[in-house]
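Going in written order, the chains are labelled A, B, C and D, and every chain counts its residues from 1.
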């Protein structure tokens, strides 16, 4: 199937939104467009499985290559493997959910949806491009929409957060840029990932470039200690903004860490693996403990994101096939989960007009649906079987444990401890907001979720359950791709 | 080979109930939900009994040994070739026995709740949760893969959380449910790491393969694992011990027992189902599952298990003597009885006569399920009647609720180990096993049995005798038929279950083990039991101040026991003071101020610098020229004198 | 003779226009509007004509030479002038001395044309002055404004000073080599310290015109003081032209000294980017702000120049082309606002989006392009400059440049934030943008988006040399 | 009676140059600053002439350059003075220190 559709659909939708007359039109057009995207994503999934079933064992499927800047050997080179497919599915789900939950955005609706769709566009492009330059292009595209979304439609100290986010991400991309150019010149003027993966790069160069690339992408995926844009950004962003930010954008970083940094510079990865492990183990525990102290629901989820994303980085650092598979699963799972969490928080906030856990209570009585979803997402994030989080984390643990030395194992155990802390803060949050007696009398009149919110929640819950109950399909998708990466790391 | 679909249906029917009632209960089945749940469970109970019959009497035995069948096994998640989480069904003597226990008790509770929970606002939700719990428990029982058991383990945990917190608007209930979940979760951490170690050293997650590899002493897996030691203990020892920690958490073994008493905040039938008969014995079941590994490969850990069991048994018994909330008394007695089962495993060996402990433990598990469920349901009836958990609000109820009284008495006798009731036989075997293998534990157990009799009858007397009941609530009788039926059925079970020749069916290695009685041996415990009963009679049969005197004379010991030996407070100290104040708060502060501060600092310094150098742009054209000239001179100097 | 006409086509055209204006002036004159539109048409024609009959060749005994690339560079400049004439038409209509203004501007343009294709120090010097002095006069065009004349004064004095230094350098070069024609000098270079001194003196002149730190201090004041049209002319056209000739001088004339001037460029580039950014951080006046931002941009151009190969040339030309659109769009919006409301402070832009979405979007686009954020063309321009600079594998140099992009993003976002996010109780009233200006702005916006995505433009530039 | 050599002349021109620079940097009167620039330019002219005479007598590049410099200097001065006059109109003084509104 033609991958350009994945870029074309959001682009057309965005343009259509620009030319639509009234808010209602804008909403429906975006919804339509995002549904088309979901359809495309699933079509891609099935086409992909089909190809694999006909054991087409090419590393990348549906490759397309158009010349862009010929003299610089920059090409529109597209192609997908299991990882990209999984990420594209995630993106499409989050996009449609985001469109749905922001249904009653009244302020500058057109611009809002336009930026939202642009963000999605960037993600799709990023996940399918096999040319570093184009990859970087799409990565950068998504920065400014984030800035505007937070700055214009956000709440709290939004300007500050928006600035911080934009600048830190820009810093990340600056590092990426340098590493990218380094690769370009080392590999004899080529940005092509597949070509680069064939060339063997001198070790000293790898050790020089790997930190640049990994940290660069790491900023996007909240690599400790460069995660500080996450709490502020998430907490100030509008609901859909946080959903996209945590659900999609943070995944761009993780994907880059793996596909660019680790895959292209395996020696560098080995060199720095231990540092990555230490940092991510710290992030996991420290994020979890920091979360325990938060009172603001969005901060709770933001910090828990730091902690959860730590798992995917940990998996990458462990450099075993299972661990990397787990890391990827964690990306997908966390994407769905955290998007859902932000969606629910948004729903609660729209009704109670507060995000402080202390000011709520007993919401289960007045909004059973929302509370149930809240509870489900909580269980998912504390890694309960049947939900995606469990599958991902367990895979990471199993993979990490394959490294037989004490260092890796201690790191793994440290990471595993977080499941207890997670339980603590999730149950506290749930207990304070959903359970107990109703603190605020005015909450008695609150309404339960509307159709669009219900739909959004159901879509994401379905995703979570699909992974949690039958993880096989995702595993089949990711494992071979992880194997490719491992082969390069193992020097095969 | 038993029929896979039939066995699969046993757990799946309750799940269906959960989904049905969970999704549509609030609207469609508002009133019928209870019946639906009960009907579904009835079916699976029947199926369970059928399976048991088939297994034990049709094709269980192959040349005299009960085989294990795996009628179905699906790969759920493959980590790497050979290492995968499978969803399988292991059918062997203990799993079948557990199937019967779980479905039966669960059915009783379902029926009982029809009356007890009548008119609850979230009636259907309640039954949905019951279904979920039953499903997860059955899944746990049937697991053929250590990760599968972990999965259902967690599910059991969460459904218990849901049920404890069923009255979610009651802060104490919320707190209790949180506590239960988190404590067990903490134990599960150990379980998880244990799984990682065991699976890694055996190269599989499948029970049978794992046991096979780890119990054959010459397999290189064992060798390497034995050599690779950490803090002086071999990897396998660690793995087994950590797995046991998981079990200890669920089974409320000391010191992870603190959640169990609080868990009584849930509806009483729940306590009967989860916190007496089924979930809390999961730990015992887990150890029994991996018994060969413990017994053959790491006997040291088995030793520990034995002691943990014994200590829990006696501590719980002591505490139980001092509690006034009847459900808490029962909770502690549960803990104590599970202690019995644990140390029974602990003192057992693998195979043959020396495997008596194993059989005894399973036997006790079986009988205990009967009488403990009965006790809780009875207590439920009482509470339902007097609307209070406190002993002081009770007394002289025997006239008002005869059936309850009778069944309760049977249960008390059973737990006290008075022949010919069920408890007697199982306890007998346990004591025998302990006597044969570990005398120290035997003495502890003996004392405990005395205490057990005492506190149980303290409970019994102060509910049904003691002060004559000051009249309230005569209006309604002791409870509807649906509430009495389970009592009667369980009463029969508690009375008769002991006569089952248990060893025939369940033994450590599958070979039947005929149980024989040594009357001279059983004198001591029975005597002690009677002594306890008499003490209770003397103290509590009539209202008097002897108990107070006694408590006063015991002084600090009584106080300590009354405050549960301050274990809760220690936990509270660790979590609140240390984890929250010394770890969480600093972490949060550090993040906001140091890490984030550094990021902001870079920004602020840039600002400051730009503010600082603004004088350069002074607006004086001649100064510009000076800069110009100095630029020229510096560059010239650089390039002529330095980089030339 | 025929060759004379083809090779000097663009110069001749400009001269023709100048004389036409002169005759109109000394004749009975015309109404401003009609004259303006006439000039705009002429400039458009001039721009179009720039695409045809571009040959390689030289005249006057190697004093003047041209190539298709040079012709293209000249064309970029004439395009810029044309856009300026559109963007500032509101202001131009009002000014009293329209013909003079265009005569000055065009003669400056003529000077730049000659400068770009000069191959001899004498021509170079003459054309440089021709490109400078009229601009100084233009800078003073708001005759009654104090600031205007102050800016003009600063400009003329500093430029005179710098040309003094330049001349001294030239004289030394002449002394050591005995010639003033580029190729012969190249042959004569031996790297003696006198020559190095001469080289430094020469470079400072370019540095002055490009406003490279520390020779940049006049820039901001002059930009702020002079009328918007002049400011944009200074920031775009004269910068671009000097950048072009700078490349020629370095790559051709001083090729033997390349190691030396590489180091020099690295130093200057870093200093320029840093100082420019740091000053831009705290500017309130939009013109001053853009002045410093353009200084920082020059720093990036230097990064590109440092590569010393065709990639460098192509990248710089491409970047200047994009820079023309981006910067002119920014100045254009600022000009419109200043013209209608007289407001030049960034704080006045608060809440602009509410009342003037069109202007806000154009300005935002321009700023994003300047900041180098995709999908705007600026992203490609900056990236290619860095790619060119990276050829020498000096990663830390690229890193510094890349990190500077963060600072620049910060202050560009300040303006965006003011327009889109900040609350304002009394934002500017909606501005009625005249169709001509609107057209120009749309052209700029289209350019900003298109040039990057239409890769053949870059390919075309790369193919000329 | 010795002939003045190249270096004498170069010395003089250098002196002139620096006097000019000094004047430009120190004088407050715009006109004087302009005059100091003229000094610089003249020092350059001297250089050209001297180089041409002593080192490269064959060609006349230096001489021509000088002529052009003089011409351009005149033009420059003209514009500069025009601007200064205009400045005087607005500031009522031609002291450079009175024209420092644009800064920072």
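The criterion applied here is as follows: contacts are C-beta pairs under 8 Å (C-beta built on N, C-alpha and C of every residue); 3 or more make two chains touch, one makes a residue touch a chain.
Keep in mind that what you see is a predicted model, and the values were worked out from it rather than measured.
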Of all other chains, the one whose Cα centre sits farthest from chain A: D
Chain closest to the middle [Cα centroid of all protein chains]: A
Centre-of-Cα separation between chain D and chain C, whole angstrom: 27
Chain A and chain B: spacing of chain centres that average the CA atoms, whole Å: 37
Where chain B and chain D are represented by their mean Cα positions, the distance between them in whole Å: 98
Rounded Å distance between chain A and chain D, as computed from the means of their C-alpha atoms: 66
Set of chain D residues in contact with two or more other chains: 24, 33, 96, 99-103
In chain B, residues with contacts to at least two other chains: 603, 614, 617, 619, 621, 625
Multi-partner residues of chain A (at least 2 other chains): 167
Chain-chain contacts as defined at top: A-B, A-C, B-C, B-D, C-D
Residues of chain D that touch chain B when the two form their complex: 21, 24-26, 33, 96-97, 99-104
Sites on chain C touched by chain B in the complex: 153-154, 157-158, 161-162, 165, 193, 196-197, 200-201, 203-204, 207-208, 214-215, 217-218, 220-221, 260, 263-264, 267, 275, 278-279, 281-282, 407, 410
Contacting residues of chain D [partner chain C, same complex]: 17, 20, 24, 30, 33-34, 37, 40-41, 43-44, 47-48, 51-52, 55-56, 59, 61-62, 64-65, 68-69, 72, 75-76, 79-80, 82-84, 86-87, 89-91, 96, 99-103
List of chain C residues in touch with chain D within their complex: 121-122, 125-126, 129, 133, 136-137, 140, 143-147, 149-154, 156-157, 160-161, 163-165, 167-168, 170-172, 174-175, 178-180, 220-221, 224-225
Residues of chain A that touch chain B when the two form their complex: 164, 167-168, 225-228, 231-232, 286, 289-290, 292-294, 303, 321-322, 362, 364-365, 368, 379, 382, 384-386, 390-391, 394-395, 397-399, 401-402, 404, 406, 412-413, 416-417, 419-420, 423-424, 427-428, 431, 434-438, 470-472, 475
